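Down below are the structures I want you to see.
Two complexes are shown next, each including chain A; its partner changes from chain B in the first to chain C in the second.
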Partner chain A sequence: MFSRTILTLVCLTVGGSLSGPAARAADIAKGAEIYQSACKGCHEVSIGPPLAGVVGRPVASEPGFGSYSDALKERRSLVWTKDELDHFLAAPREWIPGTLMMQTVPDAEERAALIAYLETLGSGSDVEEGTAALSIDQPVIVAVRRLNESQYRNSIRDIFGADIEIKARFEPERREEGLQAVGNSDLSMTSAGFEQYFGLARSIAAQVLDPARDNALAACSQAGSMDEQRECTEAFVGHYGERLFRRPLTSEERAVRVHTALESAARDGDVRQGLQLALTSLLAAPEFLFRIEMAEPDPGNPGALRLDGYSRAARLSFLFWNSAPDEELLAAAATGKLYQADGLQAQVARLADSPHYEEGVRAFFSDLLQLDGFDNLVKDPAIYPKFSQVVADSSREQMLKTLVDLLLVQQRDYRDIFTSNETYINRALAAVYRVPYPADTAWAPYTFTPDSERAGLLSQVGFLSLFAHPGTSSPTRRGIKLHEIFMCEPTPDPPADVDFSKVKDSKAGTVRGRLLDHMENTGCVACHRRSDPPGLALEHFDGLGQLRKYENGQLIDVSATLNGVAFVGAGGLGQLLRTDERIPACLVRNVYAYSAGQLPAPEQAEFIRRSTREFAGDGYRLPGLMQRMAVAPAFFNVLVPEGLAATGANARDAGATGR
Partner chain B sequence: MSKKFTRRSLLRGTLGGTAVCMGLPLLDVFLNSNASAYASGARLPVRFGTYFWGLGLTDTPAGGTRWVPATTGPGYEITPELKAIAAVKDKVSVFSGFRAIPEGRANLVHWSGHASILSGVAPTASGSFDEASFDTRVADALGGATRFKSVDIDASMSRTPVSYSTRSGKTFASPEVNPLGLYTRLFGAGFQDPNSDNWQPDPSIMLRQSVLSAVKEQRQALMSTVGQADRIKLDQFFSSVRDMENQLAVQLERPEKREACNPPVEPGELPRGASVDVVNENTRLMARLLAMGMACDQTRAFNFVHTSGASETYMAGNSKIYHQITHDEPTDAKLGYQPETSRLAEQVMEGFGAFLEELDAVPEGDGTLLDNTLVMAFSDTGYAKIHSIDNIPMFLAGGAGGRHRAGQHIHQPGEPVTRVSLTAMQLVDTPVGEFGRGTMKTARPVSEVMA
Partner chain C sequence: MQRKQAVLQGLLLAGLLLPALAHAGWTRSWVIEWNEPAMYYGADSGVIDPGSDCPAGTNPEIDWVEVLVRAGYSRAEAEWLRDPANPTRSPRNGQNQMAFRGEGRANVYTHPETYPDPGLTGVSGDIGEGFDLDGDPGNGFVSPEGERGIDNAFYRTLGCWKTYRGPHRLSGGALTFNDAMRNGGWTMVIVASGEGDDERNDDNVRVGIYLSEDKLVKGGNGEIVADYTFRIQPHQVFEGIFAARTEGGVIHSTEPSPRVVLRDPSFTRELELLQARLRLTMQADGSLQGLIGGYRPWMPVYQGWVDARGPVIESLTWVELPGVYYALQRGADYSPPGSDGERTHISYALRVDAVPAFVMEPDASREVAQVRSYRDVAEEDNYKAPFAGYVVNGIVPDRSGKYYAGPDAVILPPQSGE
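So, the complex of A and B:
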């Protein structure tokens, strides 16, 4: 018996003609759109000052923003009235020559709408009002997230054993908001992709059911009567189905596969072949290939949704182990323990205590630091003869080993990653770092000496070579990635009409010289004065990350200034980053986004802030942070997906939840 | 008893009954009178594909370009950056002056241009399209009878595989990135030689079909309680499952003979590297495999990427990548253009020349595979130095089975790029009357090139 879906649409928007408050609401909505497309790219990532409260604020007076142009600073006696903003937005560089503001809003109506929206930013009034809310009384799908390659591989290994060979090309992943975990939430599967996964499903099923492999469940072939055979097949499909789908199969899901298996066994007299077909269809199912997250009404919080027990289990397991839930975790989900504080606490503690936890942390940092780039990293062999795929793989491993040792083994302050010189090297890396490698093990602990100029993760060959060009270093790319990865501050694309004619050619001289030209160019400076300085401080490392002091015969200067603070070299940069408040806050956001496959919703802002405070209170230790977040109820709160109402009317007979 | 007289049985006769598989020039006796079909009556299929390269071609800022021919219509002259197509120019139409129109949206650098060409609308964000790319519509129309509806290839050796073919606007095709991968897909397991005389249906295919029906069984249940974005993803997944079913169904039928089909040997590994000479070599090898894949009728649609939008290719030994050079290099006062940029553009076009030569090297009917194919080639920008999306270089190459009046230069400044896309679709008989959104919406193909 399936439950009926009742979807109630509560619409708060006032209909009728647009006048008074309604017209203003429409203006604000239009202004919000303009803000999203034209303003936030810079003003939410500290390229421009934050705009909350800008209407009525004196010019150049935002205390946390250190990068006002001289032109604005000279006008501090002025106030951003609506009128003043209107003039400024129409033609910023004509109204205040010398400003770095690049965006213009030539249309007067659009300016009025934008200013109306900016006013709401400071007032704390809720602009979200007027959107529709849904109330739902049955489980719904709230996310469909494609498994990535490592999650797929780990799941197969943990369910069937490490001896199963997985040979296929996986679909490319997608990075959004700095994370593949977020980008993959947008992805489906192409025909060529499914072809690969289908081939893989057949190959894995054949290996699992290989007669040479000791497999108790494959013993269905010994079953005598039809009934025994059916029972055995049902147990087989039920067992592997639950592990692969990360929840028990519905009766329909099980029946269709049992039918396939028994029919084939009866026709060809080959029981093993029947089981193989059933297993293949589990492995090729969307319920395995995608993490389908389900939510249900939250009894403690009417109108809100919470992730159901099995979706919780999967979220925890992929976060801590980067793999599918094990039987104990599934059992905890089945018995409702993951809804209770102590049950949840016990499971999270168990996950964090396991040797698999290291894999979870490695997967998180591989995504965060964009280490997938090493798979296809290309360097020009004429310029960097020491580069090879071995060096690329070693560089990635060095970063991960360093992080695991500092953050997991030693449980050090997260911010130490920018300053600590404790690391590991192997023979291939020793050649690039130009240090001896006396050890006879594959890897050995190593501490960089002061004259190496290295300081922290950013001065390792991995970061330096990944974020560079094939034949040269790139302070801009390094700076952009540093802001994106560690501060959650992406850099907007350059404007299409940027005038490159003022950028001088520099076959001679240094990259630094070329970039300082950007700083004199008003079209470039707003972003480059933020993106370049950290990279300029790292210029003693070439495109492969090798130490050098000269470029084209000129001594390289590694002093830089960011946000009004001067620093020198990799060491200076590390010290600066260690005290930057954005960095721990960004990590907290990323732990959430990585796990949830999306950025925190506005409703979760307080949860993120609280977690950040507790992170600081605990000495910025990563394992504590992850465990505290994973037991908080807010971690499992989800929003109703858009567009659900449109399908809800047809939902009642479909019986999505026969479990 | 009817005596079947085919080219292959004749060959077998002369060689004493051994099964032989080798490509031979066609004799007229096997063709019908107008040579668009084999004598058996089977028409030669028409194929369609896109070819993309990054960073456009070079303008001379004072006026003029390094690539647009001075005259329009048939018999255009070869300009410096078109040198690479000189050998096949009678089979190539050049389109100049066409532009992408962002209509109030930002010109997203190295993205808005080709997104407009493919999806018909300037996109709202980099990295996604607002509509499906049109090649998927053509593939749907052409691809039902072949094992693969479409084959996607990326020769660029980039950091991440590049494809601009998308059904959802977010999930892009996963391309083959090296000759071995492409060979395995086209000629590895599952390949059935159309000219083999002892063809037998593979009984395991029916087992695979039963697996797929089980996979599809829960579609309704999944779709019933899902939001809009997730519904689109699941829809695409199930459409990929259907493509797989179609592939299996095709394999259960005896393939039609393909005289031009001569399965190649497995290629070796190429050295990795993204310099333009390596990319061009990769392009040639993958084009050769693709051409034979089409001659053997494994697919009738493809998307080929030579280099990505902000191309990272470079001249071997040069520390700067092409992308950087297009922006940084000053215009040479005497020459009036960027000499290094233009040299790189010429090199990049050699990839396109090689690609077309490979398609033209496979004899088919009384012509070549290229004569039965339409390739639409284009880039992300016009003049890359300023990210211009005006005057984006576009080409239609190949005869499209006699439909394309090739060898012309069409110069229509200010016209939307979507007109060329629509022309391409109609030349291969895709049932589409109009294409694009807003100002780029058009129902007017470029009729000058349509026979």
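So, the complex of A and C:
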């Protein structure tokens, strides 16, 4: 948030009146915005053809796209000239009746901007033409990401101990590009949220400095002379400041808190009270509540930036442990070992060898699979009486236990998550699956039997109930989420004028029939023919994920066809997904996006492709993937923020100077 | 009869010795989600309204001042004892002094015979639920289905007490005790196993009713969820084994089970049934509904109410407990062998609603495949006392000694100026 605000200010500063190349750049930029909001949703996920090189291309001629409407196929003699595109974008279905294209761009200026942008796609044109020259000679902030709840809790636990109670309501998260980790890069904090964090800071500080706790650093109260007390306070603030800020404090940051502590102690005669104030200040500081990633000039690559050592440490630690760096990792950052291949390799190996690694993997998949949805999952109790919050929580835990066991403990092929019938259940889930629970422990390993029709994560109650409606299943929702989560292919929102009444009439026939009726609307076909088949294959599971064969008295058909491949049921879907190349590539993208808080930039495409190839070469094993990516130099590459001159003011604004 | 019992015991022994060898042809299992005394309800609605069972409605509310005056207290003392401002009526002390209204101010809960029978309105209707326990169709109620000779003296005796009266699953007592069970107080499971191919029609069926330490679980609609798993808790007391057959999906006991003990939905806790029978119907939705009956000892029933804190029970449920005592004594209709002819037991039936469940062997290793007794593997010390509350002789004494209740208690506070 800080960086975007600063970026905006800098852009405004270097803007001014535009003409010539600058005016064209502005057009292209505007067109890029329109593309992002109106085109990308379909044309980057195979619903519509790719638009790179579309200007000047014959109609319906993209060789890799097989879903052109008959109307476009019949016009293959035409070429997408700028004029033709202008007519088409103004009113697609009037210009070419029968096209599946539903997006219109009525404003002529906007069409011109969009076409100008489309011209740049695939042509090698630089959209950044006309931006200000860069001067990179000082550290710059390249990302500011709010800690999420689990990261906050884990950090406090690891820094102060598991006995610290954290009672607070945290600010809501936001998911972007399928990940909260990306959304957190765009989050600020409300005043109410800050009050919560501040109250929490006071509570934690009070607990840490509770005389009943054996806290050696809090022994400052025993210090005799003023010098001893200052020394002890500086050590206290320095130690906890470094752990909380994930880097050493600047001299100013340390001095102000030491001064506060000593002044309070002198005034009230209570050293602990002073330390408590200092610790509260650290816990409520943006430098703790936000992960501020800093980049510095790369000495080996003039003009380029690299993530600094402490930011590297934090990125690694939150990826592998979902917590703040420990002292050893901070020490490695301080001594420059994280810039060196062997030093980095040693730390990554240590992180991956730790019991905390499981927490990192769980956090990653919790975000990727959108498991936060279980916190407010609602089911109609009249339809699904077995549902309860216990079932919701158990479903989430089942998915995570399954993933950890398959991918971390057994180190199986990642694609096995779509086909494996090995899982864990507890007593509540056994009731939903209608199987006995043969154990006297809270959880037990379980293997789905063939007659259960269950295979893989998608046939677990968690996925099936999370991506369904409160009172019915939803093939569309399940299909959309499958594409979004596992193939990195989001689906655009439906047109505003769609009549959903036929789909919603859950008393009539099977959902397959209702969806077919729904797809009489040509505006819906393009997305539904991609999203629905996987969901229809899962229709033997109701809105809670319970096995069923009939809906409204009619036998449910779970056969489906996707991209010309026919399959049947959850088992068939799992086998199909296991061979889909988009799935491992999507995981690689998401591991990067999760750790970096942003999608890979075009400059990192080769890194992602190489990582995907190595992932395949290693048998699609997750630990290997994460460790290889984390030691690759490209993992810490920093793109020069567009239009941003790296200035000292930038760094000072975030209180990060002097490092 | 003795021969049949010997055969049954032989079967039980065989079951114990060869549990792994003698696999049942089929096994079904349920968990009891509701149970209540089978009290046929003859009114249209409401608990206290008149009906064919109780033409005058339930026992009327009692004027306790008059009761105390009849017991020898002065009117001023009686009114003081019933005055809500009286500190001895605090929640801690209840109306303890109400216990002392027997002859010589004896405690009527522990010595009901010191108190004249105040009477208790019983059921006067002809329809009742249960079993023909004595084999005499000319003696007893007619069942709602028309079967004659239904023995349910418990119902005839207490069926107009508002604790027990009400439509199915709506009487105050049933709601109270089933709430306790459904909230995790106790769990009983039912297993039926047969050796034939058709579970709905099998002449050789056994039914076991067992305790489980696994709690019932409520779903989003507040009802007990089906398909949960329960481990049998071997118990030296609580268990029931029945020889039975199925006919059209109805499980009938084929001969009386000499003695079974279930967990009673009442303050009594143990529902011991002699000459026990059952008739349970497997419903299309997988649930099980029906009756389990037999002769139960009546004194523990009375004692259960006393131990639940006599004055509170009397005030809230509109009965005098000595009246319950005398009524049960009058209604008792069975003398077990060796009881010298004294009618220590009363005919009784329990309504049971159960939902499908998975019932496991005690070690949770596998589902129960065949009904058998687990008493021989029960730990010796797992029997729990009937009532764990601090109730002494039907009242909760004030441990501080500030408020004394007893035969020689001074009732009225000192007058000012004295």
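List of remarks:
Here is the rule we go by: the second predicted complex is superposed on the first by the 517 of 659 C-alpha atoms of A that agree within 3 Å, B and C clash if a C-alpha of one lies under 4 Å from a C-alpha of the other, contacts with A are read in each partner's own complex, and residues count from 1 in each chain.
Here is the rule we go by: contacts are C-beta pairs under 8 Å (C-beta built on N, C-alpha and C of every residue); 3 or more make two chains touch, one makes a residue touch a chain.
Quick caveat, the model's predicted, so the values are computed rather than measured.
Of the two partner chains placed by the overlay, only chain C lies in contact with A:Pro385; chain B stays clear of it.
When the two complexes are overlaid on their common chain A, residue A:Pro494 makes contact with chain B while staying clear of chain C. Within the superposed three-chain model, A:Val144 lies in touch with chain B and out of touch with chain C [touch as defined at top].
By the touch criterion defined above, A:Arg174 reaches chain B but does not reach chain C. Comparing chain C and chain B on the residues of chain A they touch gives the larger count to B. In the superposition on chain A, contact is made by A:Phe194 with chain B only, not with chain C. Once the two complexes are overlaid on the shared chain, A:Pro438 sits against chain C while remaining clear of chain B. In the superposition on chain A, contact of A:Arg427 is made with chain C only, not with chain B.
With the contact threshold set out at the top, residues 381-382 of chain A are in contact with chain B in one structure and with chain C in the other.
For chain C in complex with chain A, the residues that touch the partner chain are 214, 217-223, 225-229, 231, 358, 360, 363-367. Those residues of chain A that touch chain B in the shared complex are 5, 37, 138-144, 169, 171-172, 174, 176, 186-196, 198, 201-202, 250, 252-253, 256-257, 260, 263-264, 273, 277-278, 280-281, 284-287, 289-290, 292, 372-373, 376-378, 380-383, 389, 469-472, 493-501, 503-506, 514, 543, 640-644, 646-648, 650-651, 654-658. Residues 106-109, 112, 124, 126-127, 148-152, 157-161, 163, 167-168, 170-175, 181, 185, 207-208, 210-215, 217-218, 220-241, 243-244, 247, 272-275, 312, 314, 316-321, 324, 327-331, 385-387, 389 of chain B are the ones touching chain A in the complex.
The residues of chain A lying in touch with chain C in their complex are 379, 381-382, 384-388, 390, 427-428, 430-432, 434-440.
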